[in-house]
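The structures considered in this document are given below.
Both complexes shown next keep chain A, but they swap its partner, so chain B is in the first and chain C is in the second.
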Partner chain A sequence: MAQEEQSTRSIYTDLDDASTDEEINKWERTFRLWRETLKEHWGMLTDELSVKLSMLTVAGFMIIAIFAPFIATHQPLQRQFQGDAGIIQDKWAEPSLLGGDTEYLLGTTAEGFDIFSQLVYGTRAALLVGLIAAFFTAGIGTLVGLVAGYYGGKVDDALMRIVDFLYGMPLLPTVIVLVAVLGPDLWNIILALIILQWRSTARVIRSQSLSLRERPFVKAAEVAGAGDWHIISRHLAPNVLPMTFLYGSFGIAWAILAEAGISFIGLGDPNTVSWGTMLQASRAYSALSFGAWWWFVPPGICIGLLVISGFLIGRGYEEITNPKIQ
Partner chain B sequence: MSGNEVLLEVDDLKKHFKVNQGWIASLVESFGRGEPDYVHAVDGVSFELREGETLGLAGESGCGKTTTGMSLVKLHDPTAGDIVYDDTRLSEASDAEIKQFRQNAQMIFQDPFESLNPRMTVYDTVAEPLRIHDIRNETARVQRALEFAELLPAEHYFDQYPHELSGGQRQRVAIARALVLDPDFIVADEPVSMLDVSLRAGVLSLLDRMTDEFGLSVVYISHDLSLLRHMCDRLAIMYMGKIVEKGPTDQIIENPQHPYTQALINAVPVPDPAVGRERVELQGEVGDVIDIPTGCRFKNRCSEYIGDVCDQVVPPLEAKTDFEQDVACHLYDSAEGYDPYQEMTGSPSAAETGDEPESTPADD
Partner chain C sequence: MGKASFVVRRTLQLVVTLWAVGTVLFGLFRLMPGDPTSYVVSSQMTQEARQQLIESYGLNDALHVQYIRFLENLVVLNFGQSFHSNQPVTDIIATYMPNTLVLMLTAFIVAYALGITLGVLSGWYRGSRFERSTVITALTARSVPTFYVGLIVLWIFGAELGVIPMSGMTSLGTGGQNTGFLDMVFTLDFLRHLIAPAAVLGFYYMGYPLLIMRTSMLEVLSEDFIDVCRAKGLKERTIMFKHAARNALLPIITAAAIALGYAVGGSVLIETVFAWPGIGREMVRAVLRRDFPVAQGTFIVLASTIIFLNFVADLAYGYLDPRVTYD
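Right after this comes the complex of A and B.
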């Protein structure tokens, strides 16, 4: 076949001989295109005030989480003692903001822990759970969705039956059972959340890739001889990526809420301070009836702020991926 | 267009699609009556494509012309029959031979808004086939292909995304992508039907240049007979998955023989009010492609229906005595002495030549 090809006329004939033609620097070019796309998306995203504020909030929490040891005034799980004698625990100290003990910015708990320090370290747990769970739920969901949607048939059936099975399990009760079995550890909570949350991403990405697979540009790649993996990675994945990001940002908020819920029930990690465990402890010591509102209000506000920010960013990104809802 | 060597031979190609009914229904069926339903999209099509030749596939929507085109570039695996490319039967070809075939068979799609990946730049789109086949001189080749497609200056288009281009420019990018591998033949599926009329001429002349300068063979798929007449050396008219008439373009356009071809050509408007022409209007709808009728597939709509022979015997596509093109119709005498009346189930002798024409279009 090769000989025949050469005998026919071709506008490329001279190019086959001359091999020293300058090629475009691929890496530089790819990098530049990525930067342009990101810049464009960033511009659209930060166009809206609510999204901008949400991003500032998340960024603020991130800084707090990273520099927690420098910001916190005390060890979060170290009991505070009154005076130098070291005998009596410093319980229920009022916040220094309200004219209480100058040592404790937000007061202390019934157990004698510094609330401000707990709040600062709790940010770490919240962001850890949120980011890791969201990363893996979006990642696994996208991969499963792409494979199921592209291959279809039996592969699709098998994967989607697994998703259906997971859909049959209610989130919180299942996570409670899993954590009860695996042990109350922050990583087990994250694992349980990942196992249950990739289902919705997988479904949406599958439906997207089902329709993408039939588009002529995928057919064109097939005609050119592209393999399955090439089509999935070059043609399907870039087109579902905005959806992945969207589900990722919603996933952050969901995971933080779920972790707070689990901790509040009492299945949280006893060795880690999270906002959920703070709420749980304040309930256990009936802070509400003692009027010690400074114990449970700050973690509640933090959970609310972070979750709302996550949703608002997701919402803002949704407008990019789906211009119809603008 | 002097090359006479056969490049591609399509041999009784069939493509049937199973009617999708969900897994419970198919499970029930596997215990029950057994045979699932099939859509007979392409049902026994044979033709050959010579080097440097342009062949037109015409017919109305749903006649199987696009499925035929997709089978030609191996987007579908045929249900039966085969395609022979360069002495290789594609059904038996090795992986290396398939790869070679992929490099030489390209397709241009109907909708330029759908045929380019919205997240790939023009450069990446055109360079993709080169990367798949590991061909050197990527940049120079891409540039040459874009320049050929009259996207000038080529560098200006490298980093543009499809949404920044007009329909005509997109179709030119699609053509550049098809040409960048230097293929032997291209299937063009309605290449200009989605474009504005003002842009069509430009793209058509580009396609024309493509066949001339590359020595390409092209299969044009279209329902637009005037376009096919302009572009093609030979024509094949399809109806319900079969070719009903095949031959040189001028012969078919000026002297159509099959009743369906006549109706199609009559439907093309003539921009001259003085031209009086016998109107042959088609009655009824295209038949059922799942439950194929016996005999001739066109019998229900045919104005020349001649009775039982049309009902019972499938007319083969064959050379006829009186004209150049091949026609699949019982109206004309076979050049090779084939007698359809011998195959009839009833009394073969009773139905001799000249059955009284039952002009009423039977509606069964």
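Right after this comes the complex of A and C.
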């Protein structure tokens, strides 16, 4: 397809719009440039078996999250026992999957919640935190990195000092303090994670765009009279996009881990079921000492599966962008 | 720019970062919902005692006066008194910090000894099954949340098998609480408590040096001097450990300093799971019970550990690698 286009258009087509006023066309072309990079990488990525399996896992969890109300057998935060809440520990139902004499697939918690349904709904919280936090951390980080690397000088200095400062903040303690200030809510956890986590993407993208902006094609665009935003979006961004996606997929994993940790400490959203809050509840009721393993084993396995998938996808992508480490 | 001016500039940056962290913390705790004075004055006090305390802390002063006093106190490491125990925060930090350091350093030594060795081997035997399985293990180690691995270890070895204690650093009644810190560290009882959290952390931290070492080995192995070593007829093992690994070690050293900082900062979870009386757990407990002087003090300690070790890593890099230029 590239062949055909080149025969009809000049090689400077992507600069032409500086003189035309076709707004739609301009966006279309930017979009196409980005899409081409992604398409090429997607093809290479799905060649690897571990990446393919990881993608299937993530897709599976996504389906569970979307159809959670149809998959879950009970309401996740509805007590399954009537009346006396006095001696709840007697009423732990064992999983029916292992021959327990109940209707609960994975048993119930000491509070009388159905564990299977909690797991299913927990997928929603995990993916919500993971995807939203990763999207914004990768997005903000890339934008800051591009601007810092392209403009250099004082802009670069100012932005990088902010990044340095953020690197001085310990991740979990900072998120804990932020959530304590903002209130325990899933959105506040996401916000706190975004505030801190864009630092690593920004640093990497900046160093990439620093070297890219010295390359001949950027110089050529400059000489041809392309504007700053044109160069950033059309010439730099498509080249750093692989790194953005790399950090994005690692970002999903880190965000899910962090949310689980914060919820486990007891600063999770009390109105949302997440795998972290499940673990926290199991600890609060000493499920460990009572040997109620069906309560605390499944959430951790889910966290692990999703996070490993994120890391493996990131790793597979890293090998494409940096063939040296293969 | 020369080395000397780099050191000066980096030192200035260290001071500025510490100031920024302190300032943000000052602002954050003043954003806490509710009565702005509630974070220094416990709500259980009588009205009279409360007024007295507010006065003595100077909380009726203008914000900028309070801010300057806050910075002054920061410089002389005066973090105030705990609402909970009325102890000076500095004493609390001095009690809990060594516990965290013992745990973290043990885990780190285990992790880096194992991680570096496995990293060298997996870089050397590139493309083998051994390499693939170590990389997968390292990735798995970094993916499963440490606190979850800790829970499972506690359940299997603590609750079911009963071979490790369920919580804490010393058993009650062994006198561990009354003796000095070093006396306590060298007891069998302490080791029994240490082994599970240290092993879980060690396993987690092992992945990072392993992957870095492997990548670094791959880069070194493609350089010419390795071919020269081969041409000289050196033994494979000599090339691997004496020539390749030594050159590949550089990124590890700086990464280790930085990682140690984040490990101390990230001690929060593992200490909570094992009820290890360290500084991270103390911070969480202080935040949960709204003991803000303690939360503030412990947070500053955690943050400055990271900032300081980053600083050390930056300086060390220049001294260890003569090829580094300062621009």
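Operating definition for what follows: the second predicted complex is superposed on the first by the 275 of 326 C-alpha atoms of A that agree within 3 Å, B and C clash if a C-alpha of one lies under 4 Å from a C-alpha of the other, contacts with A are read in each partner's own complex, and residues count from 1 in each chain.
The criterion applied here is as follows: a residue touches a chain if its C-beta (ideal position, glycine included) is under 8 Å from a C-beta of that chain, and two chains touch if they have at least 3 such contacts.
It should be emphasised that the depicted structure is a prediction, and the values quoted were computed from it without experimental measurement.
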Does chain C touch more residues of chain A than chain B does, or is it the other way round?
C
Which superposed partner A:A260 touches (first chain B, second chain C, both, neither):
second
Taking the superposition as given, does A:L49 touch the first partner, chain B, the second, chain C, both, or neither?
neither
Which superposed partner A:F311 touches (first chain B, second chain C, both, neither):
second
If you stack the two complexes on chain A, which partner ends up touching A:P170: first (chain B), second (chain C), both, or neither?
second
Counting only touches as set out at the top, which of chain B and chain C does A:W293 meet: first, second, both, neither?
second
Identify the overlap between the chain B-contacting and the chain C-contacting residues of chain A.
none
Enumerate the contact residues on chain C facing chain A in the complex.
13, 16-18, 20-21, 25, 28-29, 31-33, 136, 139-140, 142-145, 147-148, 151-152, 154-155, 158-160, 166, 214-215, 218-219, 222, 262, 264-266, 268-269, 272-273, 280, 283-284, 287-288, 295, 299, 302-303, 306-307, 310
Counting only contacts in the complex, chain A reaches chain B at residues 1, 4-5, 8-12, 15-16, 18-19, 21-24, 33, 157, 215-217, 219-226, 230, 234-235, 238-239
In the complex of these two chains, what residues of chain A are touching chain C?
50, 161, 164-165, 167-174, 176-178, 180-181, 183, 253, 257, 260-261, 264-267, 279, 283, 288-289, 291, 293, 296-297, 300, 303-304, 307-308, 310-312, 315, 324-325
Which residues of chain B touch chain A in their complex?
23, 51, 70, 73-75, 86, 99-100, 102-107, 109-111, 114-121, 123, 128-129, 132-133, 136-141, 144, 148, 158-159, 174, 177, 181-182, 184, 213-215
